[in-house]
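Heads up, the next two complexes both have subunit A, just with different partners, subunit B and then subunit C.
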Partner chain A sequence: MDAPLLAIENLRTYFYSRARRALIRSVDGVSLHVAPGETLGIVGESGSGKSVTALSAAGLVSAAPGVIGGRIELRSRQARRNLLDGLERYVRVKERDGRIMAVEKDDRGWRRRAETLMKGVRGKEIAMIFQNPRSALNPYSTIGAQLVETIRLHTSVKGEGEARERAIQWLERVRIDSPRLRFDNFPFGMSGGMCQRAMIAMALSAEPSLLIADEPTTGLDATIQSRIVDLLAQLKIETGITTLLISHDISVIQRLADRIAVMYGGTVVETGRAAEVLAPQAQLRHPYTAALLASVPSAEAIRRKSYLQAIEGEVLDTIDVPRGCRFYGRCNRVTEAIRENCASLEPPLGEVAPGHKVRCWLYPASGKA
Partner chain B sequence: MRSYVQGPASVDESSQLPLWRRAETMDLVYVGYGLLVVALVLASYLLGALGWLPHDPQAMNVGLINAAPFTPGHLLGTDFLGRDLQARLILGIQAYFLPGLLAITISVVAGSVLGILAGYRGGWSDTIITYFDNLLDSFPRLVLILLVIASFKPDIYYVMVVVGITGMPVIANLIAGKIAFLRQTNFIEAAHALGLPAHTVILKHILWFNCRAALVIQATLGMAEAILVETSLSYLGFGVQEPTPSWGNMVQAGANYFLQGNFWPSTAPALAILATILGFQLLGDGLNNLLEGKRGK
Partner chain C sequence: MKFAAVRPVSRVLARELAVTALLLLGVSAVVFAILYLAPGDPLNVLLEGQSPRSELALGMREALGVPRTWYGQYAAWFGKMLQGNFGNSIRTGLPVLPELARVGVNTLYLTLGSLALTLLIAVPIAVHTAAHGDTAGNTAATIGAYILSAVPVFWFGYIVVYVFIHKFGMFPLISGTATKQAQAWLYFLVPIFVLGTASGTLSEVIRHLREELSRVLAEDYIRTARAKGAPVWRHAFKEGFLIPVTEIVSAKIPFLLGGAVIVEQVFNWPGMGRMAWQAAQDRDYPVIMGIALVAAAFVRFGNLLQRVVFTAVNPRASKE
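Entry: the complex of A and B
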């Protein structure tokens, strides 16, 4: 594997629940790598911490305490730095039995330092697209004006007329019909899919090294969703952009991702090449991945009129994280031989095949307890 | 026979029409009337500057006191010193306009700054500004103005500074509320994600794109307010001082002769005040419907 463009090491992003006076461990020690030109898909249920991981990487977590530890190494041509460099001195954690019980964070100091580190990175090196594209565009400004603004801010194109031409080119590249007319449209005059295309144009027009797509198809009509996925696939071929794709929709991940990370309860439970992890006959997989895949309606299942398989139980409450495996409470593959381990010890992320890691006691390859 | 349904030429035809074609007729009438008033105010400055007044507004004619309207040479008659009412009426608005602009500028600029601090930064700045707002709101404005006049001098500009400061909380609340609303929408976060610097987001995306209409509306209403305040002060004798004509002191001076049957020296400026305040109010109202209404749906 090439040196990764983005390497997230042991990232922890916590929030504070006022109602329950406890820490929410949204992202609890996540490590991810994205190689240049690669698309890494992060999949998981709502609340698994996948979006918060992405927001942390873009430095957009605003609630307290937020990011409290880890490394986010960006190695692009323009910027090589740890985006969390030297931030640990603003955080003091109180641990008990190896678990973080309380966090003290100098928010202002952290923010000032983080903004310095993010300068020239956010928007320029790391661009982001969101769900509900209509609300992500300023309703009072034309999409053309907004596109011109990012182009002039982030690229060497500074002239008004030149930036305008560049903007129209980008509208063309994201397959917006009659871009010259659309240039002067306001977001409310456009469909959701069209807004997402404009948003993608805006993100890519800065010529970033990394695109973070946070649920890019959520909130769109089903037919539009597949069009947007097609567009992202085409743009990936055309521009070779490195992408961190977040989605709860396995079919979207399947179409676009080269590698996959499955998240559950704030940790990565399985990671590997997409073809390998999602292969229908794969034996070595995390029970949670298996359950996720079983919950996707297949053509055959529809023909047989069988019921969809919901995953039993509820998404892990990341306030009361159990001692053992986070998926233990919902797992249907616990055997007597490993039950003790499952209930009391968190399994490590062990390699079951080259480049394919699973966090489960089922696989002895995952290491000793 | 087959018929084909002709699709619309463009998906969003209505939003591409010019503003005045999309608008309700009454709003256009309001705004039109308001703009007429503004035009008359500007015309007054022009006439004054060129000296094209029917008479010298200060020239007294003791032989022709409280002359009725349509007296030859005096279309609106004269006041209790025999000065031409028409000329004084034309110049009267000038007592308000620049001071009013000062008041508006103070309240809009300072109000915006406070609103941004409260809405964008939140925390302790929000708390302090809220207390400051409450303090200003709970203090009768006229009393505050009289205090300032008593400790400095009865100058209309001093008065308008107070009017400007007391007008700040409304604007600050307005902006803070807008920001609170805008922060829930994703596009401000998206703007940050695109790497736009904070001052661009605040000044351009929040203030210019999303608050300019509201600020213009508040400014027109503020002008109406400034006129009203001066009128009340003139009635107490603390407004614009004689011999400079203002509609307020004209009403006050004419009021002494009102019951003797000479109603016009105070009625004419009173009607002018009414028409002007109505003009600014309707301008604000109409602009509100034109600029803000369509997106409220």
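Entry: the complex of A and C
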């Protein structure tokens, strides 16, 4: 594998729940690597921490305490740095039995530090697209003006007229009809799909090294969703852009991702090549991944008019994280042999096949506890 | 950045001006009706207590050319008004319009000056709180501003007069002795200070701007602006600053005018407020009518400004 463009190591992003006076462990020790040119898909239920992981990487977490530990190593041609460099000087944690019980963070100090680290990175090296594109675009400004702003900020194109031409080219590249007319449109006059195309054009117009797509199809009509996925697939071929794709929709991940990370309760429970992780016949897989795949309606199941298979139980509450495996309470594959481990020890992310790792006690190949 | 289009703004302007004309017509009719129904008669003032039914009064009426019926009176006033003649003051005999222009400048100076002061204090507090959350500094500033706003303007005015003029003699009363006239220019700042801080506008500007700005700063499109490395203020300015400020200013203009009447009394300020008060004492109908129209026009102008800014800035508004 090439040296990764983005390497996230042991990332921890916590929030504070005022209502329950407790820490929400949204992202609790996540490690991920994205190689140049590849698309890494992060999949998981709502609340699994996948979006917070993405926002942490882009330095966009605003609630307190936010990112409290880990490394986010960016190695692009223009910028090579740890985006969390020096974070430990602003954070003090109180641990008990290896568990973080309280966090003190100099939020203002870290924010200032993060701004300098993010200079020339946010928007330029790491561009981002979001869900609900219509509200993600500025309603008070035309599509064209927003593209021109990005182009003049981040590329060598500084002239107004030149930037305008470049913006129109980008609108063409994301297959927007009559881009010259659309240039002067405001977001409210455009459909959701059109807005997402404009968002994608805006993100790519900065010529970034990494594109983070945070639920890019959520909030769009079903037919529009597949068009946006088509567009992203085509742009991936055309531009070769490295992508971190976040989605709860397995079919979107299946279409676009080269590698997959499955997240549950703030941790990565399985990672590997997309074909391997999603292969219908795969034996070595995390019970959560299996349940997730089973809950996707297949054409055959629809024909047989069988019920959708929901995953039993509720999404893990990341405030009261259990001692053992996070999926233990909902898992239907616990055997007597491993029950004790499952209940009391968190399994490590062990390699079950080359490049394929699973966090489960079912696979002793995963190594020592 | 481009505005939606220029035409809708001019259309809004034309419509608003038409509404203003109708509104001023209504205001003149209502004020006239109130004056007509209210007890008292301007002739009483002129005749200094002699019966308005006396020979003298009737003669006076003839001389002034006052029509007998109420509709005749209104029609006569209205006809002249359309020609730009608001009549003469019954008390002083001076034409109303030039007099209004003379004192109106002073009121304009007082209200606009105090508005500027209010914004100068309120905007930094509101913006800082919206951007950085509650800190010890901005909480203290907000509480201070709220207390000042809660103080009645006439009371605060007298306290200021007492402390700074009588106690410390820092600056003279305008009609005072000639001893300390060197600092006379300072005197012009005191009423502005009082109206700008204690009129109740201060707290409302802080509250409205702070709430609107922090709401906008939490919008998805501001997150997008941050994600693309663009200056946040550039994206938040229109919805988070320009629109709320014009909204609250236009809403507070009537209160500002009301406050000006009081402040002008307290500080003996030669403005429209004091003139209105005097005219009401004298039942000086032409002056009251004139002032009512000018005040209504001023309030309308604030609304109009707000509508125009909103339409120019908001692409959705111009497509209605």
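Observations
Please note the rule applied: the second predicted complex is superposed on the first by the 369 of 369 C-alpha atoms of A that agree within 3 Å, B and C clash if a C-alpha of one lies under 4 Å from a C-alpha of the other, contacts with A are read in each partner's own complex, and residues count from 1 in each chain.
The criterion applied here is as follows: a residue touches a chain if its C-beta (ideal position, glycine included) is under 8 Å from a C-beta of that chain, and two chains touch if they have at least 3 such contacts.
No experiment lies behind these values; they were computed from the predicted model shown.
In this superposed model built on subunit A, subunit B and subunit C take up the same space, so to speak, and clash. When both complexes are overlaid on chain A, the residue A:Thr142 reaches subunit C alone and has no touch with subunit B.
By the document's definition of touching, both partners, subunit B and subunit C, reach A:Phe188. Touch criterion met: A:Asn132 reaches subunit B and subunit C at once. Applying the stated contact rule after C-alpha superposition, one finds that A:Gln309 touches neither subunit B nor subunit C. Look at A:Ala203: by the touch rule set out above, it reaches both subunit B and subunit C. Look at A:Asn341: by the touch rule set out above, it reaches neither subunit B nor subunit C. Where the contact sets of subunit A with subunit B and with subunit C meet, they give residues 58, 60, 122-124, 127-128, 130, 132, 135-141, 149-150, 153-154, 186, 188-189, 199, 202-203, 206.
Per the touch definition, subunit A reaches subunit C in the complex via residues 58, 60, 118, 122-124, 127-128, 130, 132, 135-142, 145, 149-150, 153-154, 184, 186, 188-189, 199, 202-203, 206. Those residues of subunit C whose C-beta lies close enough to touch subunit A in the complex are 1-2, 4, 219-221, 223-230, 235, 238-239, 313-316, 319. Subunit B meets subunit A in the complex at residues 10-12, 15-16, 185-187, 189-196, 205, 209-210, 295. Looking at the complex, you find that subunit A touches subunit B at residues 58, 60, 121-124, 127-128, 130, 132, 135-141, 149-150, 153-154, 181, 185-186, 188-191, 199, 202-203, 206.
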